[in-house]
Amino acid sequence: MTATKKRIGILTGGGDCPGLNAVIRAVGKTVMHEYGATLIGIEDGFEGLVEGRMRELGNRDVSGILNLGGTILGTSNKGDPWHYPVEVASGKVEIQDTSYKALRNFKQAGLDTLVAVGGDGTMHIADKLGDLGLQVVGVPKTIDNDLAATDLTFGFDTAVSVVCEALDRLHTTACSHHRVIVVEVMGRYAGWIALHGGVAGGADVLLIPEIPFTWDSICRKVNERATHGKRFSLVCVAEGAKLPDGQEVLRGLDNKRTDAKQLGGIGAAVAREIEDRTGLETRVTVLGHLQRGGSPTAFDRVLATRLGVHAAHCACRGPYGVMAALQNNEIVSVQIKDAIAKLRTVPADHQLVRAARSLGTGFGDEA
Amino acid sequence: MTATKKRIGILTGGGDCPGLNAVIRAVGKTVMHEYGATLIGIEDGFEGLVEGRMRELGNRDVSGILNLGGTILGTSNKGDPWHYPVEVASGKVEIQDTSYKALRNFKQAGLDTLVAVGGDGTMHIADKLGDLGLQVVGVPKTIDNDLAATDLTFGFDTAVSVVCEALDRLHTTACSHHRVIVVEVMGRYAGWIALHGGVAGGADVLLIPEIPFTWDSICRKVNERATHGKRFSLVCVAEGAKLPDGQEVLRGLDNKRTDAKQLGGIGAAVAREIEDRTGLETRVTVLGHLQRGGSPTAFDRVLATRLGVHAAHCACRGPYGVMAALQNNEIVSVQIKDAIAKLRTVPADHQLVRAARSLGTGFGDEA
Amino acid sequence: MTATKKRIGILTGGGDCPGLNAVIRAVGKTVMHEYGATLIGIEDGFEGLVEGRMRELGNRDVSGILNLGGTILGTSNKGDPWHYPVEVASGKVEIQDTSYKALRNFKQAGLDTLVAVGGDGTMHIADKLGDLGLQVVGVPKTIDNDLAATDLTFGFDTAVSVVCEALDRLHTTACSHHRVIVVEVMGRYAGWIALHGGVAGGADVLLIPEIPFTWDSICRKVNERATHGKRFSLVCVAEGAKLPDGQEVLRGLDNKRTDAKQLGGIGAAVAREIEDRTGLETRVTVLGHLQRGGSPTAFDRVLATRLGVHAAHCACRGPYGVMAALQNNEIVSVQIKDAIAKLRTVPADHQLVRAARSLGTGFGDEA
Amino acid sequence: MTATKKRIGILTGGGDCPGLNAVIRAVGKTVMHEYGATLIGIEDGFEGLVEGRMRELGNRDVSGILNLGGTILGTSNKGDPWHYPVEVASGKVEIQDTSYKALRNFKQAGLDTLVAVGGDGTMHIADKLGDLGLQVVGVPKTIDNDLAATDLTFGFDTAVSVVCEALDRLHTTACSHHRVIVVEVMGRYAGWIALHGGVAGGADVLLIPEIPFTWDSICRKVNERATHGKRFSLVCVAEGAKLPDGQEVLRGLDNKRTDAKQLGGIGAAVAREIEDRTGLETRVTVLGHLQRGGSPTAFDRVLATRLGVHAAHCACRGPYGVMAALQNNEIVSVQIKDAIAKLRTVPADHQLVRAARSLGTGFGDEA
């Protein structure tokens, strides 16, 4: 232990994700127990860095939070120090470069390293701060599990579990009522949650952004089930699911229905179209933020803890400019620069896609 | 035990409700074990009675279903024998009186008594069949818990648990992001689910059909919390929540927003209006059918079992024309005729409403 | 509101019970929001009152704890001020009357009323403090649900849910392996948890303190199931289950088995005897403290909240010397003196016992 | 598709494990949907093969079982055809070689391939049947996750989740009562469940077979926490945890305590010793079969499904003599012979062990 205690700052940026507190706890316990260092919590993501809102987190603060959803540090979307909304004299809000404030606050707080837990946006900013000379360490956070640099991200297993449990519940209703039930789940660009959640929950049709679907194919599948004596179907659709050739799922429908009762999401659009085309009673459920909140699964707690411990070691003794990542069951360090913006989407011939097809699950692209 | 075995028919009508299978199991086990009688399952509610779709349910059929959501008998909305959709020669569908078919099938199946598990509609039909001389016994089913004749109905506790768990999940997100989150729950005419679920989940504002709300009151509450350092609020709104004097929640808004993205339910309307009026970021979650499906809670299993056993005793030895009900912790028999159509809504000064107000919970009617 | 703010003390005594924090929250929110009073938390039950360990609980302290198991105040078994262990000069511990300290600390803290949340022991002490002139209000807490003065106690539904979920899990194992599985649950003097949990989880045999069982009867039931093609049985046994005429379940067995591997509880004893007598492979699970911990069910949260709000009103404006209780779905005040020590055990002909018997469930007393 | 439909047999052997039904479903759906083959379910493991108890499983049989714990085929410990208990004339039971019956029944049933789902014992038998010329395909099943040939086995994540949830529950009790709570979990030879479950549930001390512990080290840890103001500790101990140098945990204690009430497992032994040595109140919970039963987690459903689909492909088109396995996130085929009996225990310097140590978790070997 060095003569002066190290001071490690930590912030959480971007959307909510189960496991954030498990990361904070792991970083805190490790820097305190292993390095005798001090943990400084920065509030509401980079907003707190720009505005100088920080507080020391002691042993008690990071205890008992392992199973807590959300983040005890808060988070914010107003987070980019280089494009920060500032209220000016006239009362209006201007976007300004406030990066100098972030740097100044970092130094005034006597921080040695900043641990930034967040998604792609957060990693970009961390990287830019690193370029300015700050010691930064990243912990990846994307509930969509779509980061190329890491095999899995925490929060994903919890989201998949929520989808799975919802499908279990809806299954009994669909089955008793002989209905089609459409469940809209997260996934604008990557279909991992729909794919894993749908397989775990036994969905009959899975629609994901990576595999464009046609109405004919979905309806054929649903009708085919009916002729086999299964008078219900569960359709799991990712937010970003799409028709081929750039046809927009929503626009096409808006022309047909303009009544006040229409629901606006893709789930509702899919439900309406299936009902119109097959005549089967159809219902829709939108899981929304239920997938992001609440206590993390055991799996996510272990993963978040491992990433946090690794980041803490890096924060206290280097290397810097890296992000903790899971590769082949091991936690490793990757360069933040290399990790940024490389999305990992579902390959159309991914093993789990093929497995689901073998079970008879439809992806809406079957001829 | 009589020389010839009694034959008891059972059907489930109306919407899905956790605990239906627990009732079927309890009726079946009791008529078989206690009376040596035979249980005949009628498929898809009264539809099966009109169309003669029935099957004997043995000991194995009613075993292992206690924790199963849905109904192994299926259910249907096409259920009223007096107004039954029949396909006629031209291929068109006509509404006909098919009650004679129901009676004929009841007799041809050699049934002694019909146990009808269902809501108000189901009880009406059971009562009319009773007037025609059939021995009928009812088991009340309404997930909304709004039947005056019984203190509690099964399925309600499960629905409340789902709402409560959802609020737990959303709480962490609301809290981390400093947001207002609106959760739409079941309850078109009675606010019991919103009231119990909202209290159990710690909602800050509860909007129920029985207590008209004003936008000013809601927004004042939300803002007041913000000034006390709580930068988030959870609003739990029943489907049937309404503004005073017959103002329609939805219509008022439709004039203002006509873009394709609007969501149509009351939850979305409330969320938009709060966001417009307070400037706080607001999100909406619609629980929908999640509240109706899945495994019943322990509480609902016990209640459903008690009602089922009671109904089985009535079915085998009378009295007939009665419905099993819970009154002051005891299961009793009430006349179906007396039980029909007496809704139990939330009194505005109900003890739990007053308790919630004491905690500081807003009902949208505070000045 | 009076010129000087009222100061309300609160403590939790005796064993852990889900819902304690929900009571603390409800008392706190009500005294602050409705009466502008101050809440003083007393640590570790009466121990904190004797030793003067108290702290003010603000709005933040009682927020966000609704779903938290345990008690933020701590509890203790070293709780009776009249028989309190005191370390004396020699280093030995003497039992002394420290009630004068409790009174002195109450007055020095400027408390107006003491809200005591606890079981029978806690109520006795509260009552004695009341006799000395303190304003006391009780909130009953017994996970066993065995208090005559109240229809239900919080924590009970959670314990029943844990038993029910465990039976669900064990059911699949029993069924796949054709085994007898014995589950030992709480209930030394009253069998409510075993009765409700066992019915909810579909146990085949229920052994409770109020209905003495014989080995013959249990084994006959288990064998009878095997002959009906059900090659497994679930036996739910309360800690206090007993043989007729004062025969001790455990002693009789200890003579037969003295090897080191024996498990000592009643569950294990029952399992061994069933295995010895029927030759069927038998396993035992002891739920123990799992039944007391963790997040309360929605039902228990509502009940605990209602009791807490009621107690807060009493604490701030009287009556004093009362305990909040649930009677016929309403929260009422009963005299603590009347509530003490009146156990409510399961009547042998209780409606739920009879219902379970109708289903074919054995209680070990069938001839 | 060939002229004659293939017939694929399937059996499940050994102990219960969440995900078995998900495997059966995946195998069934794939062989039917993809190959038009027939699935034959063999009852109670190899017992059913020896005794000729089999039945065709249709589409309906393998539907709706994805979330069901246990195995719809049953299982048995009486499974080795080469050492099979046979009742002989005298009524006594002899162990005989009945492998010829297994072969005969396989052929009489017209089976093309046997899919054997089970642990090491099951794989051994499958391998021997393969040596006799049968086409066999294995699916590994060990809840302990201790098979070297595969990165993860289904059921493990569910067991870890059960441990984690139990620790969450016990945490609140330990914390409120200032107690030490010892939780005994599965793991006779490998500590994976204790390690993952303990990290996920925030245990303070983890005792696993691979790292011998000393009483001094455990007690120091527990006392150290007390001096840091944390008056409780959670100790997670695997069944196979041991003292150094072959000292037996249980024997050492048996000499000291011979009273009838002693509990016999290692959890109880650890609890008693901690209480004796530290004077702190200590409780023990034994999770036992709760870890094996019930609905699989979403994670385990996906893994079981992937393994089942893979095994089905092998069963229908080869290769034979292989076992499906997960390696670096891909499902692959490994030779059964290579997979047998290579245990994967926890390396003492495993990354997760080191991570837990960094958090301050004790393994009972710290000086």
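Observations, loosely collected:
Every chain is named by a letter (A, B, C and D) in the order it is written, and numbering of its residues begins at 1.
Keep in mind that, in the parts below, a contact is a pair of C-beta atoms (placed from the backbone, for glycine too) under 8 Å apart; a residue touches a chain by one contact, two chains touch by 3 or more.
None of the values given here were measured: they were computed from a predicted structure.
The chains in contact with chain C and with chain D alike: there are none. Inter-chain spacing, taken between the CA centroids of chain B and chain C, is 31 Å.
Put simply, the C-alpha centre of chain A and that of chain C have 41 angstrom between them.
Among all residues of chain B, those that touch two or more other chains are 165, 168, 171, 175. Taken together, the chains touch in the following pairs: A-B, A-D, B-C, C-D.
Taken together, the chain C residues at the contact with chain B in this complex read 26, 29-30, 33-34, 59-60, 63-64, 66-67, 151, 157, 160-161, 163-165, 168, 171, 175, 196-197, 199-202, 228-230, 295, 297-299, 301-302, 305-306, 309-310, 312-313, 328-331, 351-352, 355, 358-360.
Across the interface of their complex, chain A is touched by residues 12, 15-16, 18, 20, 44, 68-71, 74-76, 162, 165-166, 168-173, 175-178, 181, 250-251, 254, 260-265, 283-290, 292-294 of chain B.
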